[in-house]
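This is the structure I want to talk about, given as structure tokens.
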């Protein structure tokens, strides 16, 4: 099932950028959970277009309806269907690319794979699909909150501008600025850079860092479904992502084992590590320390410039820069990264629980 | 099923480092494929311990037996079971760590998750499990070969020593030296560094690059099971991997869209791209260009030095450096990366084929 | 994923009897298929309540909306979301059973499993969920039609009244009467019996027979996912089903092998069987003969009579006969059986196709 | 994955009738379970050929080896691989049918599906595969035993000879005779009938009834993965099975709702039902009463008589009765039915447990 993610706490998304609606079915959420609809909307608002001067100006309220699985404000253990209608579609913006392949978009590969496609705004390949993930992720967050687990993502780099290491930041300040970097000075520079890139009718890449706190020990399954392997897949499934690293990540290449190993010690009856190059995961299983990882985003493919390309008949053509798009994807990617992280964690919570009381 | 990977061309591995045997069941391999047993053994030999001075000196022949699914030299479409017996086990080497948690190993997390574990050599968490993957990957490679798809991995970095970009290398030279870097001059430096690290009773990290050539257009499924997301998960599921990037990867963060976009052009009836920052995948689907990605490995956790730690009772203790281990994992990781890449590709070949003739 | 069925051509349903809507996501339908919306509505009409004097009088138009996956009348290969709003809900009919367990309903088991439930009309356990299956099944039928595969179900027994063997019937006459039995004389007796049972404020069981014609040879997977095993699961997942048999079925118990074996012969280059006790499936794989099977339905649990029971606090109570219900479920079950059969077949069509061109 | 069964407590089987070995991987069994190897062997002995005068005389010890997942007598939570070598293969018995299609066997459908097959003894389609299921089922039984759940199957019918209803029988007497019917008088008649059929070089069908006692309330998932739907699939996946019914089954067709409904009452703080037409399952979920079901087996297809058929080239031919086969499959099917029932229950135990502590 290509449009589903998760084993026990699972989601299935549907919908195209310019169709009637997008949405998601969440299957496997435990029963009796209070569904805070205001929180779900607030999460959607963090992702929605038109929220600030550095995002696309497409206007979508992203108002959602819950069609099932919730009774008198609580989950019932049955599938939760959430639908978000598309409003500001302007499909005409896309008639000029019905037969053209936009560079570094999915137009060509969809055409080749399916032979028939909804070209409007990228159809299914549009990042609009991630609104459904954010709605589902909000439910996952409500579930995790009960268990004390907290998920924080923020923008840690735009172009060459980098934020300090997460351990030096106050992660509760992420929402204080429109670029979602909890370091105010860095945030300002990032916003200026994005604004400049936008004026140049260009786009730029960025990095999102995610930190998960208070994870119970024992989440993740050995061998193929390692906790960090699923986090990696979940992140790489987000539009425009090109890389994933956790703990020491790529920097670990140049370290010695004697530097990199995280020494164990005991603290208040818990086994802890002094350093955390492991990123909170050892052998694919959470060890109770902070889980942290980086997600690299490429520059948005749609630029406000003419680009040479070919059409579906193989003829040379030019793709003009039209429509409304983001100059940099990372400010809106923050809630998406959090949503996918929350979904991965919620799923592993249930998976770990399945055998727990039977293990002796 | 936590020990399985793949949807249609799938594998399930079993076995512990010091149990009677390890092995794999390959389910879904098409019928009628010639099974070249010498090739399978050659692949296992590339991964096996004791192959050179820069790998662990544990001696394992890694001789395999096929128990099912092959009749008169050809696959029958039924599950192929492959078993590799463990020989040079020296379980006693591990009695000293039966109750101790080795730093940056999976000892603590397994103990916490299962309550009961085979501590000998890490048991199930040992990289010995990857021999089963290599055997299965050899079958996948034989399958891909029929379709013309080729998978090349090589060591592109050890510590600070880096090989040139893959497009400048002759990938058929990878096996010419013991570190598996196709650039002879770089290989020499890498070998020297690993040898030095070994003498210091320490370990060091490295990078493996993988290139897949002649992939058909249309592999990969949109949204969650994007081709690169599955490649990422597959790589991150390999022991000691800390990061994955494809195409422009983390370097894409600092690029502009106008630099990063891959312009389309037509060549001999095929749609091609002039550059390949996309890494051969657009919208999660292969576009026919080279697929290439990097896999970051941390330094091996077992070092020949005493390290402070705790035991399962929470008492402070010291873990001594004993046993036989690799000073750097990447030379032996090359065939593992190739095996997992081949398994991902084989699976997507079947998945893409399922609906193909029905698409109109 | 508990609310999903199918491997490659898959569905996920959602919705409760008295919530805002029910619906389904179909994932994996090939691209380019013409979506005949009138046909989908016609199929829903065959299942909808209030269609005749022998069905429940609840009024639901069961009008559907397609939210995704279809562009300009054709499928795009992306998930097809279909929503059916609930209209005639009368939730008040159910306030009297909010805390009571109706005999032979799912009230008690849901309460015990989830601790919290939508009691209105049985919530998720209501057969109303099957409307979503019928909508999805209509898409599967359109897909199968292209391949020439035809699915026919009909009522073959109500109480003691039995129709003749299917090979003697004209299956195109099934829709000619309200009980959906293609033998007019038998149909009349069935209708009279159901009407009499209804007047007695009681209910009665029945049997649905299904015949699938023109199935390609080779559908079904050996061992666990045998074609008839999946058909059995699919049928047993329909509300009120108590039994499944295919081919000779339970009658095969008393036969000798020499009577039961289906002799092969060659006809026009095809391998055929003279008899068909195998029911078109051998070793779990279709052999090209008619697939036929029987599905036994119990009498509907809701009767218009007072019944002793207990409430959720363990107190003795009485459940009164209220609401609007079917005296016999089989006339409306016919399109549901067809829908599930079509979904099973469509899935196996894709599964068989996945490896086909690679088998040598 | 066509050769796997189960979601959390899962098995994957491999092996052909006349290959080197058959076997199974059990993935998901909780850690710390005592593995009673004598019990596993005893279960295999109940299924093995040559055990009495009314079974095939093929001699197989069915001795097994555990290759992984068990350490010092206890499960570790990692995959348990079990291998059974084939010994008395006599492949030459089958050279005469290398190109012929035996009536009502899987020879033709395998040939058509795969194009290439191991014809010896039916290869993968042989019921020899069920030994692997019995070994895995023994582990599942050990797991269920800890939770107090008990699984009893027995032969309830051979040809026309029927045993009384299970509630009147002493199910601990099943192993007291070679036909495995706990009613001694009926058993004698069954044995006589099978012996007579054997002398006539023919075969006959039979029925196995299975009763599961002390199931916790709440097993089974609504909608598609209903407890009885999975039991049905599991049973229908056993070689030679033609039908499945649970609770009232096909007899429920002729009952009225007022007869069939199971009235609830309270007993010692538990909700019970006075009758049990529901067969222990309501809305797909266990209600704590006995789960019971019937499994219909056709007469074995191999008979000691010449039968007309065709070969793979479409030529008319004769299949001669050779080899060593069972005149009636049900005595040896009893442990297979129990094994599959135990695997289904063990899986649902874990699935139910996954969300349990989170339901509020």
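When the chains are written out, they are named A, B, C and D in that same order, and each has its own residue count from 1.
Criterion: a residue touches a chain if its C-beta (ideal position, glycine included) is under 8 Å from a C-beta of that chain, and two chains touch if they have at least 3 such contacts.
Fair warning: this is a prediction, and the values are worked out from it, not measured in the lab.
Peer 1: Check A-C against A-D and say which one is joined by more contacting C-beta pairs.
Peer 2: The comparison resolves to A-C.
Peer 1: If you take the mean of the Cα atoms for each chain, which one ends up farthest from chain C?
Peer 2: B
Peer 1: Could you state the distance in Å from the CA-based centre of chain A to that of chain B?
Peer 2: 26
Peer 1: How many angstrom lie between the centres of chain A and chain C, each centre taken as the mean Cα position?
Peer 2: From the centre of chain A to the centre of chain C is 39 Å.
Peer 1: Would you kindly tell me how far, in whole Å, the mean C-alpha position of chain D lies from that of chain A?
Peer 2: Averaging C-alpha atoms per chain gives centres 45 Å apart.
Peer 1: Got the chain A residues that touch at least 2 other chains?
Peer 2: Those would be 2-4, 13, 28, 31-32, 77-78, 113-116, 124, 222, 359-360.
Peer 1: Hey, which residues of chain B end up touching chain C in the complex?
Peer 2: 8, 28, 30-33, 74, 77-78, 143, 146, 222, 349-351, 353-360
Peer 1: Within the complex, which stretch of chain C touches chain D?
Peer 2: Going through chain C, the ones touching chain D are 2-5, 13, 101, 103-106, 108-110, 112-116, 124-125, 129, 157-160, 197, 200, 202-207, 217-218, 220-226, 228-230, 232-234, 236-237, 242-250, 252-266, 269, 271, 273, 277-279, 282-287, 296-303, 305, 307-310, 314-316, 352, 359-360.
Peer 1: In the complex, go through chain D and note every residue touching chain B.
Peer 2: Against chain B, chain D makes touches at 1-4, 6-7, 10, 12-16, 19-23, 25, 27-28, 31-32, 65-69, 71, 74-81, 83, 113-118, 123-124.
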